[in-house]
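Common to both upcoming complexes is chain A, partnered first by chain B, then by chain C.
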Partner chain A sequence: MMIRAALLLLILFTFLPSVFADEVGETALDVQVREIAKTLRCTVCQTENIWESGAPLAKQMRDAIRERLELGQTEPEIRAYFLSRYGDYILMEPPKHGVNWLIWVAPFILLLVGGFFLYKEVVHWVKDTPTPPTQPLQPLDDQARKRLERELES
Partner chain B sequence: MIIEIGHFSTIVALVLSVFGMASSALALRTRNPDWARAGRMAVTLIFFLLSAGMLSLVYSFITRDFSVLYVANNSNTKLPFFYTVAAVWGGHEGSLLLWVFILSLFSTLAVWLHWKTQPAIMPYLIAVECAVMFGFLALIVFLSSPYERLIPVPADGKDLNPLLQDPAMVMHPPMLYMGYVGFSIPFSFAMAALFSGRLGEEWIKVTQRWTTFAWMCLTTGILLGGYWAYYELGWGGYWGWDPVENASFMPWLVGTAYLHSVLVQEKRKMFKVWNLFLIIVTFSLSLIGTFLVRSGVLTSVHTFATDPERGLYILLFVGTIIGIAFGALIVRSAKLKSQIEMDSLVSRESIFLFNNLFFLVAAATVFLGTLYPLMIETLQGAKVTVGPPYYNAVFMPIALGLLFLMGIGPYIPWRKASVANLKKSFSTPLMAGTAMVIILLITGITSLYALAGGYVVAFAAMAMGMDFGKVSQLYAQRNKTNIVQGFLSAFTANQRRYSSLITHIGVLVLVVGIIASTIYQTEKVVSLKVGDEFTIGDYRMKLDKIHEVEGGNWHAQEGVFTVYEGDTLITELRPQKRIYPQTQTPTTESAIHAINMGHIFLTMPEVSEDGVAVARGVLNPLILWVWGGGGIMGLGVILNILRPRKKDE
Partner chain C sequence: MNKGWQITLILVLFGLFALFYQGLWGDPRHIPTVLIGTPAATFEGPDVETGQTISLDQFKGKVVLLNFWASWCYECKVEHEDILRLHQAFKDNPDFVMLGVNYQDKLPDAQKYLKDFGTTFSHVRDVKGQLAIDYGVYGVPETFVIDKEGIIRFKYVGPVMGPVYTNLTEHVIRPLLNSQPLASTPS
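So, the complex of A and B:
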């Protein structure tokens, strides 16, 4: 009796997974790997990060991130490791130091300087433009109104 | 034999392009119209000769004649028929031929269409078109010929890059090139205006539809490229700020600035130099875009150095065109000084200027970002990456500024807007924007970009909605019809304005799609066996089986997933991991299901030997708005081009 029940239980547990589908999910580690991988460049691709890239090298690098996380390294440590190995190239954006500041601020400087001069220029033009003398408008007679509507239609 | 006919035709076309320039010069010198007619004939003949060139290449691909080097490099016996035709522009040499072929087609059309109305500038136009064609044809004939033979003849060819074996990729390059080349027509007219000294508004009016058409093709080409990247590259995004994408985006940005700026000259006869400048920059960027992509210089400066002849030639050619164009502009600029009348800072003209500023800064940003790695590599020998995080941070604020200008521009009158005008037009839209932000906050959306985007979109949409509503009502009252008929008669009465506003609506829809699908994308990557399932958002995906599938020139492992929402079965998705044996290239084919204006996007990038698959699920909310917005933009542009001609056009 006991044996039979145990067997039954055993069978039940063996087949359970195929009856009720296993729910698989992402672990916290998976999410961490993704967050880091998204900030690093696949060095053999055209501006693709190693998360989105399908290249074998990108997979190796993802695995390397995972291993290092499992060893207990933190995100900054891992990023520093890749940075020391590959240089600035490995980052998805130019790091904000030295000459790179140029590319970060240039668009806004262009916009501000361009906007300033454009503003000055327009104000200057406005000043140079004589204001047309304003005359009180006469109400349109019927004929003029009809003509106006015709013109607007065409 | 056939390919030699193509080769020979192309050489004759090259000679004729020189003849076209010479006969135009003679036409101007002798004032004998026969020389101009000879130039027209040369342009027309170039078109027919290049058609023969294209056809000979298509023929060699269809008959799989691997004795032609280009065919052997870009196709093989197993490549499906459909893609053998597309393979014609699958490589460097063929795409250059396609470029100049489209140019010859457009030039021929322009010369014949405008011959009667623009006789005085025709020789100039022919000369400019022939000069550009000469540049391309010399490159093709001397340095980059698709007609070369391969001896000994291989039994089979290599393969067209599997990523390019896709319907969107068949259409994407021709569309893009039609956009690039389309801008050559207003460019040539502009150059003709500069050389001939006929610097009025005429060239702008004549080329308005050409410009709109070019813009439509370029926009469609870019969107098709995004669509292709979306389901072919398998990461769930459609725009990666890749240098190749950027190369097509730059002429689009400046071309869009030009498209708007010419309106000021048409209406107010101002900013002549500025418009000439813009079209020259647009076409220069089209040329630069073509060559940046085709010279390989973007991947690394080293590819450029391995093929120095071609690179040097391209630099010289583009440099010459740009140099001559700007030179002519500078020489003529004194004559172009127009009296600027500006009544107010708050006027349509002024808004257009700021619109131009934003578009140019946007283009400069993309230009800088694309070429910065090259600059650093050349100057410092170091390598850096300028990727999406940079553009997201820098480009997005500029884009939001542009959207805001798009919301106010069409409702600020020419010359001067009074305070009463502004109140009437914008108080309700401002409230709509605020209301939208409140609604978004209540639904739990706190991303700054989403809120700012929501504000601007609601503002612009309300301004436009009020315009459409008011004018429809007006026409309905006057014609004593209902509001729908009122709308239609308002639309036909001023089709140019309202078709443009439809394009603007398309932009708003597109922007909503971009914001939602970028900021609120969710993804999950799991490893699973047959029978396992995973949940993403509200959806549960169960892997039922993995089986082998055979295609003509590929084989794949296909995962069959059933997708449930709660307990209801929604659909079945079949992502594939494909191998193209010829080149041993793997690709991931995504499976997509549209739901609630968004997409469930599934790929299966890996299957291990013991049957464990890696599945990647992505939810892209509102992504259909991206493609739908593109469609609405296209509709607006088509209605604009097809509008009935007015007397002064």
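So, the complex of A and C:
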């Protein structure tokens, strides 16, 4: 009984949000506003796009996007407008030119450099670890051999 | 790997981290504007006190100082006396116009602010925030100077006072009023 109830709750919580989302009925214009807003940074927030931000300026920017879409402007035109007002800072994803390339390649450089240092360090540890002195194996005497045979037979 | 290389590598890594830190958490107010040297966006809106329409076009051929402010902004109160002093210094020049731009504010609050702190020039309301976006405003106070040809020549984020006031009056407004070239980008 408890398992059934838990399953029912799980199904409700999993599928109900999507049902409600359908009922909200996002228009094609809403989708376009959201897609553009997600790519633009809220200039009065820290690392937040204007779609997610609750700041008044972010809301006004979303309204400005909607108005421009209604006027027939395309997504690149709207992004270009914001870029012309705020510069590269407005873009959530820095454009791939000039010093911005550093942002794109630096993580991989850091990974390579880190990997190289790790490799060097591991090699160093392996080299420096003293190996225990090896002793030649003594042949089994008769008593030990007989005992071993007994153990294996039993 | 010798010590010199290791130190260089550590310095490079430190530099990269500093750049990322600046990019993620740096104050956008210190980012240089892209608007200097570009045509000022035209606008019109209601006067905070009278409700009459104010348009930038009516000041064509004049040096226009735009000061974005809000009643809830502490730094706007800090600079207010200097802003009034600045207007006092240039108000008799027929080629000079000063406009306040009330940003993200409630009209009664803005009117009370002007009544309490006083004003000697007009203030336009940025009702939908479009004007602030057109001027790439990050926050208030922000001050812009537009030359007689309608080109943005100066932008400053923060209160206009002390050395900023001197720079603005002596190295921006006066040369522009006398149609002299500015020494350098004075933002």
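In the analysis below, the second predicted complex is superposed on the first by the 89 of 154 C-alpha atoms of A that agree within 3 Å, B and C clash if a C-alpha of one lies under 4 Å from a C-alpha of the other, contacts with A are read in each partner's own complex, and residues count from 1 in each chain.
Rule of thumb we're sticking to: contacts are C-beta pairs under 8 Å (C-beta built on N, C-alpha and C of every residue); 3 or more make two chains touch, one makes a residue touch a chain.
This one's a predicted model, so the numbers in the text were calculated from it and none came from an experiment.
Colleague: Would you sort A:Leu71 into first (chain B), second (chain C), both or neither based on which partner it touches?
Modeller: neither
Colleague: Tell me which partner touches more residues of chain A in the superposed arrangement, chain B or chain C.
Modeller: B
Colleague: State whether A:Val44 touches chain B only (first), chain C only (second), both chains, or neither.
Modeller: After superposition on chain A, A:Val44 lies in contact with chain C alone.
Colleague: Report for A:Gly54: first if it touches chain B alone, second if chain C alone, otherwise both or neither.
Modeller: first
Colleague: I'd like to know which partner A:Ala28 touches here: chain B for first, chain C for second, both or neither.
Modeller: Neither partner.
Colleague: First (chain B), second (chain C), both or neither: which does A:Gly87 touch?
Modeller: Both chain B and chain C are touched by A:Gly87.
Colleague: Figure out whether A:Thr129 sits in contact with chain B (first) or chain C (second), or with both, or with neither.
Modeller: After superposition on chain A, A:Thr129 lies in contact with chain B alone.
Colleague: Once the shared chain is lined up, is A:Ala106 touching chain B (first), chain C (second), both, or neither of them?
Modeller: Once the two structures are laid over each other on A, A:Ala106 reaches both partners.
Colleague: Applying the document's definition of touch, where does A:Asp63 land relative to chain B and chain C: first, second, both, or neither?
Modeller: Second partner only.
Colleague: Could you give the residue numbers on chain A that contact chain B in one complex and chain C in the other?
Modeller: 46-47, 87, 89, 103, 106, 110
Colleague: Write out the stretch or stretches of chain B touching chain A in their complex.
Modeller: Those residues of chain B that touch chain A are 233-235, 237, 240-244, 298-299, 340-345, 350, 353-354, 357-358, 360-361, 364-365, 368-369, 372, 376, 380, 382-390, 393-395, 397-398, 401, 478, 493, 523-529, 531-535, 542, 586-588, 605, 646-647.
Colleague: Chain A touches which residues of chain C in the complex?
Modeller: Its residues touching chain A are 1, 9, 13, 16, 19-20, 23-25, 28, 31-35, 38, 104, 128-130, 132-136, 138-139.
Colleague: If you look only at chain A, which of its residues touch chain C in the complex?
Modeller: Contact set of chain A toward chain C: 43-44, 46-47, 56-57, 60-61, 63-64, 82, 84-87, 89, 102-103, 106, 110, 113, 120.
Colleague: Mind listing the chain A positions that touch chain B in their complex?
Modeller: The contact residues of chain A facing chain B are 17-18, 21-26, 30, 34, 39, 41, 46-49, 51-52, 54, 87-94, 99-100, 103-104, 106-108, 110-111, 114-115, 118-119, 122-123, 125-126, 128-129, 131, 149, 152-154.
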